[in-house]
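Each in structure tokens, the structures are laid out below.
The two complexes that follow have chain A in common; it is paired with chain B in the first and with chain C in the second.
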Partner chain A sequence: MAPTVKELKFMLTRVKQSPLSLIGISIVVFFAVIAVLAPVLAPPNPSWSAMRSTDPFMIPKPRENPSGGTFVEPSSPVPDHPFGTTEFQYDLYYGMIWGTITAFRVGLWVTFVSMFIGLVVGIVAAYYGGVIDEILMRFTDIILAFPGLVLAMAFVVAFGRSLENVLLALVLVGWPGDARLIRGEILRVKQEDYVEAAKAVGCSDLRVMFRHVLPNAIYPMVISATLGIGGTVLTAAALSFIGLGAPPGYADWGQLISTSQNWIGITARAYPHTFLIPGAFLFTFGLGWNLLGDAFRDIMDPTLRRR
Partner chain B sequence: MGLRAFIIRRLLLTIPTLLGTCLLIFAVTQLFDPSARASLYITNPQQFSAANVEKVIQEYGLNDPAYMQFFRWFRQILSGNLGWSRTTSAPVTKALIDRFPATLEVTMFCAPLIILVSIYLGVKSAVHKDTPVDHATRTLSIIGSSLPSFWLSLILISFFFVGFHLFAPGRQSPVAQDFAYTSPHFIRYTGLMTVDGLLNGQLWITIDAVSHLVLPTIVLVIISIGGMMRIMRSSMLEALNKGYIVTARAKGLSQKEVINKHARRNALIPTVTISGLMIAGMLNGLIITETVYGIGGLGQWIVQASTNLDVAAVLGFTLFSGFLFVMANLIVDILYAYLDPRIRLG
Partner chain C sequence: MEKNLLNVENLKVRFYTYEGIVEAIDDANLNVKQGETLGLVGETGCGKSVTSLSVLVLVPPPGKIEGGSAVLNTEKGTIDLLNQDEAQLRKIRGDDISLIFQDPRSALNPVYTVEEQVAEVFLHHRQREFTQMVLDGIEKDLPNAKSYKKFILGSEKKIYKKMLEKPKAFSLKILSRIPIVNRYRRRMRQVIKKEIIRILSAMKIPDAERVVEMYPHELSGGMAQRVVIAMALGCSPELLIADEPTTNLDVTIQAQILELIRELKGKFGSSVLYITHDLGVIAELCDRVAVMYAGNVCELADVEEIFKNPLHPYTQALLESIPRPGKEFKSIEGEVPSLINPPLGCRFNPRCMKAVELCSQEKPRFVEVEKNHYVMCHLYTGRK
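Moving on, here comes the complex of A and B:
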């Protein structure tokens, strides 16, 4: 195990040397802390009249019109509601805090599930080769022949509008890229001398695959997964923004930005906080993952390191 | 293998991909009830009444086994009928054709800018590797690819338009639109307002259209340059390490000549290959940007259609965009083979 420890230490020093990766890690850790502490930072408050739902992801409306109707117009930040409220009085601070959990759930779930499917398909294709490989790769070609967002939109329309179906659609659109990446890497590593050597000393096919080929082939996938999390969250937010994802009132940053569209100051009074705040969270979250992914790529790229 | 043989082989390879895209879209149609699917075959609005939908289901056998339905559906597609769009109350094909120019116009302005800016910044970044210039450009590209397009669009509108009454959203100002669509002296030759304005000698129409394109173009350029810039940077770095660069330097060529004539040309090749991907990425951004700015092109239309669950429009557009994307990749591959003889001869 000594070489692995050495490798890890080397990576850690590289991380420490790169300021961008440190910023990236700090941002992601910051959001992780918010997500974990959400019940403490923004406790679901049953005394708010509109907290009808027991689902903590449904944003409460702290102020409701006594005459029965709702206040449509957003309100500016006040000490009790530090980020103000959006259209229909949803509390923005609450939405931001619980929306962080949604963002992690979207990014991690979609990335891991599509990575898993991609891994299985990629290994099967590269291991068996021949007709199976050909069929599987033509299938990935077909999905990759569409612009991702467009195909995802069609899937969501077919499955029905909901955040869960957005996640499903993003997995369906996302796995072919992972499958092709891991297949290509496995085929490359299979040519290496050490794989030949392992076969020559009589290792079983499975041992060669999982002990020698896969550990060396998986790095590019880890990088692309890290880079993908930011993009996935942005795409899911875009789908929520156009009204295909999370329902109104759900703690989702994209959905919250969508409710601000009437309040940028064209047809009614401007309430810039309604889009500036959720957008800033979304942007910073994406930036954190992208910085991390970019740093990973540099650190793990054998052609760029140790120079 | 010569270039012609390569092109023929590549064209033949396109056929199964296009068939595959049709099969996938057909598989998606099977997720809907027959009554929702009927809109894919409908050619006029009267057919939407309950009794008539039943007739369409019978006529096209929408309860038959899938493979039988596929051939009927495929024949429809080949004859150019993509169904009836409820959102627009028009045939999907007509709606696609009507809205295409607005989208094409944005693309016409964005694509060249994206390519030029990312090549310029990529080369700059590689030549000044590990200097502040390099760090700044790379950070900017990461920031660009992390910006949500809809958020950036809203910010720019609220800054420029709400703050300074500059660059109004929409495709044209009401006066210009009125003139372009009702004046007998204005002929819409291409449907592209910037071009038609010039062709009709109405410069103000062109200026008006360009001023509406400024913000969407800025948004799309900022969010799209990241990926291409990174490829350009790394292929430029690779090219700069090649032996022919040493030779060129040894011959006493200036730094400018070495970079522009020897390194950049070779570094462009990998960038060309991913420009197909860039088109897809831009289309994704375009859908959202068009919606926020109300440009009235394909993107805005498809967003409306998908929130109204307009099945025929969504699937028709998906098929159309898949087709466009396959064609774009075909052109890119041919261009690639033309630029790099190793591809067609290897």
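Moving on, here comes the complex of A and C:
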């Protein structure tokens, strides 16, 4: 059997053995299916009045006040709007479905970009050492010295409220951790005998770095990145909640929770579905990635896997 | 006069640490003759491993080779190891001189299978040979191939011919990265795998076909050491440096590995520099012995001569300290000196029973006292 097929089969058996990783994978796959099928599950309906803009991420408002202005108060679920509507009559079901795409975009984009920046900085620092290492690491220290959320907020406030700026802000606070992690791992692996052995058989420095050091150093980072996707989405939601993320009406779970702030109270006019549904989606999404991250750690790391 | 394979003269290595300059190797002289096994014996921290790394010019920072010479005489010519550029050294390492590490398990990269690791060494040093073997294989298959297979074989032949002419061509690098197209490398892999299995079988590894697909942590210590030795001997090096290869193995495996090294030395025609602190292993395996103390080679002689007629007081004390039943255990008084501030003169003089005034003033020269018996001690320089 080809070695790759063998490895894949081995991975599958490992997944089957651990129910938690199965749950994590199912959750993430479930959300991925929703994201892919979004145009089918919640087709943008051109007859809805708010669809003047062509952006499908703008949630339609099904009910508009004929006397001008909108109804402020949310409405309960009805067959046409399975999750009801939020303040200003945004269709919650549509928001949840399209918000899944936003969640994936935020989580994956931020994680990959900050991982890439962290990888480059970490490798350069660890490979060259000396002054370059010192400069790069002190710079990451400076960024790490700020509380992450506050720095991200400051960035968004400075450059204007938009989802794009939230993504950039999250990358800004995300990469130093990755850079540190990979640098530390590389420095640890560089001490190992097999690196010395690779040099002793005549491997060039670059080859030693990319073939012998990096594959041994990268696992903690991949795992922390997977675990971080859930957290990233939560942070983005937090920024949206305090009004620094996507604009009102944009299909984004955090923004939807933010819209329902006024209806949380336990009064006669409370509409718990407006915040419970996005909250539940957010919670499940984060949980799914965390479980998947754990599964990753168990499955991927070749030094741990066959014990 | 017959030329020595390896000649190390007046080697000086210093480590620049925060506490000060560590004079790890100070005037080490030794030579390895063609086809012999030289034992390098000494206490922990006396510079045995640094000597071996210096020969490969791989002294880790903050260490620096500050003086002396290390010359390798092969059939291809004389190579001054300390004055080579990095590219040249990379060709020498693993091909002319190879190194076996102390702990075989940590000397193997945990993320690659045995096959992948050994193949890397082979590809690095023996690519031409394997390319030729692949071409021969294609030549044999070509007449029997039909229709599209003929076309594939024909283009593979072109690629491998190019590889033979210009192994580092840019187009080849790109080809090997494109999926499906890079299938042509399969032939190379198969040829190399066969060779690896052949060599592993020569190492007396049972079931070599299965072992090549294993990861290092699936191997036992003895098995891992055999794989490491296979990697080291795969390119038939002129000089094999074995840095305490059996210290981490249990005694029965140790005996097997020693036997293997002795046997393979004959088969692959290598000379061996065997580093150990075990005098028993020295007596078992080596032709000649170099005794190191605190960065100096203090005595160099045939193995029988060393055991029967040790001249240097340190060697005498070392042999005295081998525990034997029915004999009182004698240890050497004092401690190994700090190499940041080594004693003046002979480095052994504070612990030496026979030291005279001169010993703490002047460093003795390394002289041939009897035929093929070199000592670094004032007792034999004729000055007292």
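The rule is short, and it goes like this: the second predicted complex is superposed on the first by the 280 of 307 C-alpha atoms of A that agree within 3 Å, B and C clash if a C-alpha of one lies under 4 Å from a C-alpha of the other, contacts with A are read in each partner's own complex, and residues count from 1 in each chain.
One rule holds for everything that comes next: a residue touches a chain if its C-beta (ideal position, glycine included) is under 8 Å from a C-beta of that chain, and two chains touch if they have at least 3 such contacts.
Here the structure is a predicted model, which means the values were calculated and not measured.
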{"item": "Touched chain A residues, chain B compared with chain C", "value": "B"}
{"item": "Chain B versus chain C as contact partner of A:Ala200, first or second or both or neither", "value": "second"}
{"item": "Partner chain(s) touched by A:Ile135 [first = chain B, second = chain C, both, neither]", "value": "neither"}
{"item": "Partner chain(s) touched by A:Ile242 [first = chain B, second = chain C, both, neither]", "value": "first"}
{"item": "Touched partner set for A:Leu8, first chain B, second chain C, both or neither", "value": "neither"}
{"item": "Which superposed partner A:Val78 touches (first chain B, second chain C, both, neither)", "value": "neither"}
{"item": "Chain B versus chain C as contact partner of A:Val36, first or second or both or neither", "value": "neither"}
{"item": "Chain B and chain C footprints on chain A, overlapping residues", "value": "none"}
{"item": "Chain B to chain A touching residues, read off their complex", "value": "16-17, 20-21, 23-25, 28, 31-32, 138-139, 142-143, 145-151, 154-155, 157-158, 161-162, 169, 280-281, 283-284, 287-288, 291-292, 302-303, 306-307, 309, 311, 314-315, 317-318, 321-322, 325-326, 329"}
{"item": "Of chain A, residues touching chain B in the complex", "value": "20, 138-139, 141-143, 145-151, 153-159, 161, 230-231, 234-235, 237-238, 241-244, 254, 257-258, 260-261, 264-266, 270, 272, 275-276, 279, 282-283, 286-287, 290-291, 294"}
{"item": "Chain A contact footprint on chain C (complex, rising order)", "value": "56, 58, 60, 89-95, 98-99, 101-103, 106-111, 113, 120-121, 124-125, 213, 215, 217-218, 228, 231"}
{"item": "Of all residues in chain A, those that touch chain C in their complex", "value": "3, 192-194, 196-204, 211-212, 215-216, 302-303, 306-307"}
